[in-house]
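Below: a set of structures, written as structure tokens.
Paired with chain B in one complex and with chain C in the other, chain A is shared by the two complexes that follow.
So, the complex of A and B:
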């Protein structure tokens, strides 16, 4: 685990910065809710190396910033070959006309300095058509091995200033890495940056591992492992890679864990005598509370962000459907009423939507609906899509897609909650059960 | 000589059956080396006290309909045989493994596999097998034995397999 400390400094606005135009045009803004059809054109000239050692990083940083932004589907990069002028001094006045001429609505400039294993990255965001900076310049400092995080921080700031939404690029994903054919599949836990970079393995593949879930602070992971011969829930510290099994009674199976927003409680499924119900457990003491008590299959619980309610799936009606109950248990309200079966509900970090897996007529879908089941929207369709997880800003969902047939394998995809911008997430091996971390601090 | 060697290999395989036998989820390969000629070789499929006999002659698994955990008539008949065998060979304990086909979400299939394993366990208990000898575990859709994405494969994957432990190894 490499040490990553980012400091945040205000770059003093240069005294000779170009004055804003008196009558600015409409401010640079993407309103995501309105449905963006035309991506916003932007330019990122290679960052300025301020030390000799910084040349490679200056180029790499600009590339990652650009990849982050174009990956959202909301932005379009103008290639450097179209540039009329270059940016040779981070603090010099900008030649707005040169960037207007190539229709770059946003311009991102940056500078990089490397001293030993320390790197500092500065950037400015310009609203070209308003002829002004959008927000203040910022500076990030850290170790050189954390350079990708600094690029993600820059991109998050740009995304956030232009959309008004929180960013999600400086985040990680824990998932199950898969190798081997379907009848001899090996699974181990892996963690990576949201874009598939920096993959590290957290367990070996000696035992089946399933469905890792991040803690609210991103420092721990809950998951299910068969290392005892029976499915049991483990909590793993990402920094030390130390794990411990949670309390469970002989003759039971426990699985489908998720943290509460406080990080102190886990909600999970426990199976005894063939019957699966939902429980919560205090992680420190091991004290558990039974929340459901029916002969139905009750599983895949997920907390609301305020910690007061739990959404889960149950087949108490005769088929898998989604329900919401108070965190203390008690009466549950059914929220899914469409055709087909609904499973694996996950409450969005904004609290407004539930993502789910839907099976209907032999196809699988990832979808979202409001808390009362209204405005159901299916985002994907394939032979087998399942296991949605939310980006920290509640705008993007990642999930696993398994292909059909004897050679079938699983891989990760992301999609906007609008249903647009379906993209594969590259991983070195097969991948399933993604869980997206909160934004890193 | 060849026969003796064969049976020694088989014995060696049996000794590790409970934890590492690759046929655990499939079973078909166990006993494949049994001789066709007469004479009972201990541990072979001809030996009614052997694991191979249990797996092949008695039948170590029952199959289920789509999204169901109730036993079929064929399943009950197989379990009747398993109960008789377990009541005769009292040194053995068993773990009943429940499985699902790939059509379903991971968590639901874990719970469904548990229902199936439990249905088999309850039936064996009803036939007199002591509950203390029978444990259950569900693998959900994690351990298919057939890999095509068609009903012919799914039908074989929706199963509860009675995996013996103890006996020769205890």
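So, the complex of A and C:
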């Protein structure tokens, strides 16, 4: 009897042990659905000067690269004073342990050579904890005058490799530069690097100028000027600073222009007989098409990136709201239904969001929403925020913020579309109406 | 007619007179009670009370108890009652004998239950770490509440039409006035949140392992063996079977499965280093499963980290998600994850699913 029981037990335990053995060989499985959101620490040792003339540029380039990355709010620079080892040779193997020790998760090394007025910049990006290079090294060449652009391109490449999204550092912003008190404000068009460097003025302040808008290729700017006493739309070539006025009928006011994605067409508002509607115009021929025809005020049109639709603001419902219509006109679909008034919509370069200005209960907000009006997210709040414009990668928005009171002034800010990293953009004078260019070629 | 009036008047007079004189309106029940109380005064009253208390108690208790006890007493014999009393002490002696065997087998499992409590402690820790990032994305709605202070400034010369429309919303404004102090802080909060990540001190070891139940099962076997020959033979057979099963398996002893607390500890350790802040929006929608082989000291073997699968995004997004996950494993595993050595076989190979969708 005992033998039978024992044999039975042996069989059972063996059968039980077999799956447990298999189980022991299976991997331990865990699921992680929460992490942290914090800037990624990186280190940028001063680039290696490969020629004697490159010493200063090597330092300046590394500084601009670092500023670009830090300015996104997604990265945090580890100061050079914390470095354990230095990079003395661009091609020498890295001492990863030294960079791990200071928790540098990304390391950027570079070398600069200057020959005459030509600059060559090389860089490598390392994933320190993986002990490997992230992507291949790149090299840029240009003139010494354009050294900042080369630094921006290095930063764009680093940003893109780590985040998986396109960069936006090698871009420019055209805006309205403002001086003087509110009741006697003088305005002129200015253009600068995205970070506020290299400011240049495109017009004088003889006439009021408004709402400059970049062309899709970044070589031209549309803007509205009161030069003739009435608002008129002008096209300005940035390279030559030559401009011309777009055709418009006598007794009309045209404003709020924007380029189509093709750059061949302009969409704008035209006021005739007290009624404001939206039109498109072929720049070359001057032929225009009326897209809306209501007694309400329709303005601030903006093309979708694919050029098939237009988002605009209208008070046809009794209050100022956002609508989307086909590029050929026709029935428009209202997309904003929240409390308050919505205006100046701008379609994201990615095509999935619309940025807008919202006024509600005495406060102004910059916000974003999906194309059906869902997931509205207000990014800012102040006395007066307006005029959003998208960074080329669709992740950052720049806008103008005006302070309160007679002595109040307007200045530019940028904010991540998550609402984080709100920070001012330095300009030598007051600034409003920014328009972000595409990435430069 | 007159007679009727006289009769009626007389009747009423009699009724009114009776009401006043008859004491209808003067009846005073309280005075009656007062007089009764006032009569009793002095030490006599106390003496009366003292004298009355014992008899009252005696009478009350005596009447019910007496009849109840008396019927029970005759029915149950005095001897059986004593017999019942005797077993009671004998039972009291028995428990001490039973308790030792219970404590021995239960001791190991009880700690295991305590470890279950540990994960509950882990959760708050995890929540704290997660709360900070979660607040950041939600910073957007706050601006709505910061609407208070500037309504006064509304009457800007530029905003004449705006004022008209906002008047319709006036009731809402009244409710928001308390939010005024938030105006100045609103935008700053958004920025500070991003900047504050400097406090990312990666504390790799979240907590020590709960406890180490060193081979509880063998103990149970020996205890049983001491009781019966058959049980001894069974235990020996079981032990032999287990030993035989483990021998051909992984060279390292697999040990019992990781407790919930140990798994949670590992999860928290990796979570603290999983920084999704620099991930693209597409990568934040992409789930990646990453496999890694572990050294016995709890450190990951770097070149074994591999992307097993991904869902929800492009290859580029999966690659970025994998790189972020790999950084998390390598950074927080650099000093070794806090895993029980005797269970090495259980965590020699780990598969981690990184799901960033909640972090968008």
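To be clear about the criterion, the second predicted complex is superposed on the first by the 405 of 441 C-alpha atoms of A that agree within 3 Å, B and C clash if a C-alpha of one lies under 4 Å from a C-alpha of the other, contacts with A are read in each partner's own complex, and residues count from 1 in each chain.
Note that a contact is a pair of C-beta atoms (placed from the backbone, for glycine too) under 8 Å apart; a residue touches a chain by one contact, two chains touch by 3 or more.
Not measured: the values here are computed from a predicted model.
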* To do: Applying the touch criterion given at the start, work out whether A:162 contacts chain B, chain C, both or neither, answering first, second, both or neither.
  => second
* chain B versus chain C as contact partner of A:30, first or second or both or neither -> second
* Thinking of the overlay built on chain A, is A:76 touched by chain B (first), by chain C (second), by both, or by neither? -> second
* Which partner does A:100 reach: the first (chain B), the second (chain C), both, or neither? -> second
* Asked: Does the superposition put A:359 against chain B (first), chain C (second), both, or neither?
  -> both
* **chain B versus chain C as contact partner of A:243, first or second or both or neither** => neither
* By residue count, is chain A touched more by chain B or by chain C? -> C
* To do: May I ask you to decide whether A:316 touches chain B, chain C, both, or neither, giving the answer as first, second, both or neither?
  => neither
* Asked: So, does A:379 touch the first partner chain B, the second partner chain C, both, or neither?
  -> second
* Using the touch definition from the top, say if A:39 reaches chain B (first), chain C (second), both or neither. => second
* Same chain A residues contacting chain B and chain C, which ones? -> 359, 362, 383, 404-405
* Asked: Can you name the residues of chain C that touch chain A in the complex?
  -> 126, 129-130, 132-133, 136-137, 139-144, 146-147, 150-151, 153-154, 162, 165-166, 169, 172-173, 176, 183, 186-187, 190-191, 193-195, 197-198, 200, 202, 230, 233-234, 237-238, 241-242, 244-246, 248-250, 254, 257-258, 263, 266-267, 270-283, 291, 302, 316-317, 319-320, 323, 326-328, 330-331, 334, 345-347, 349-359
* Given the complex with chain B, which residues does chain A contribute to the contact? -> 181-183, 185, 208, 210-211, 229-231, 251, 253, 255-256, 269, 271, 273-276, 297, 299-300, 313, 315, 320, 343-344, 357, 359, 362, 383-384, 386-387, 402, 404-406, 408, 433
* Asked: Inside the complex, what are the residues of chain B that reach chain A?
  -> 25-26, 69, 95, 102-108, 110-112, 114-115, 117-119, 121-122, 135-139, 142-149
* Asked: Which bits of chain A are touching chain C when the two form their complex?
  -> 2, 5-6, 9-10, 13-14, 17-18, 20-21, 23-41, 73-76, 100, 103, 105, 127, 129-131, 134, 162-165, 319, 339-341, 359-363, 365, 367, 377-383, 395, 404-405, 415-416, 418-423
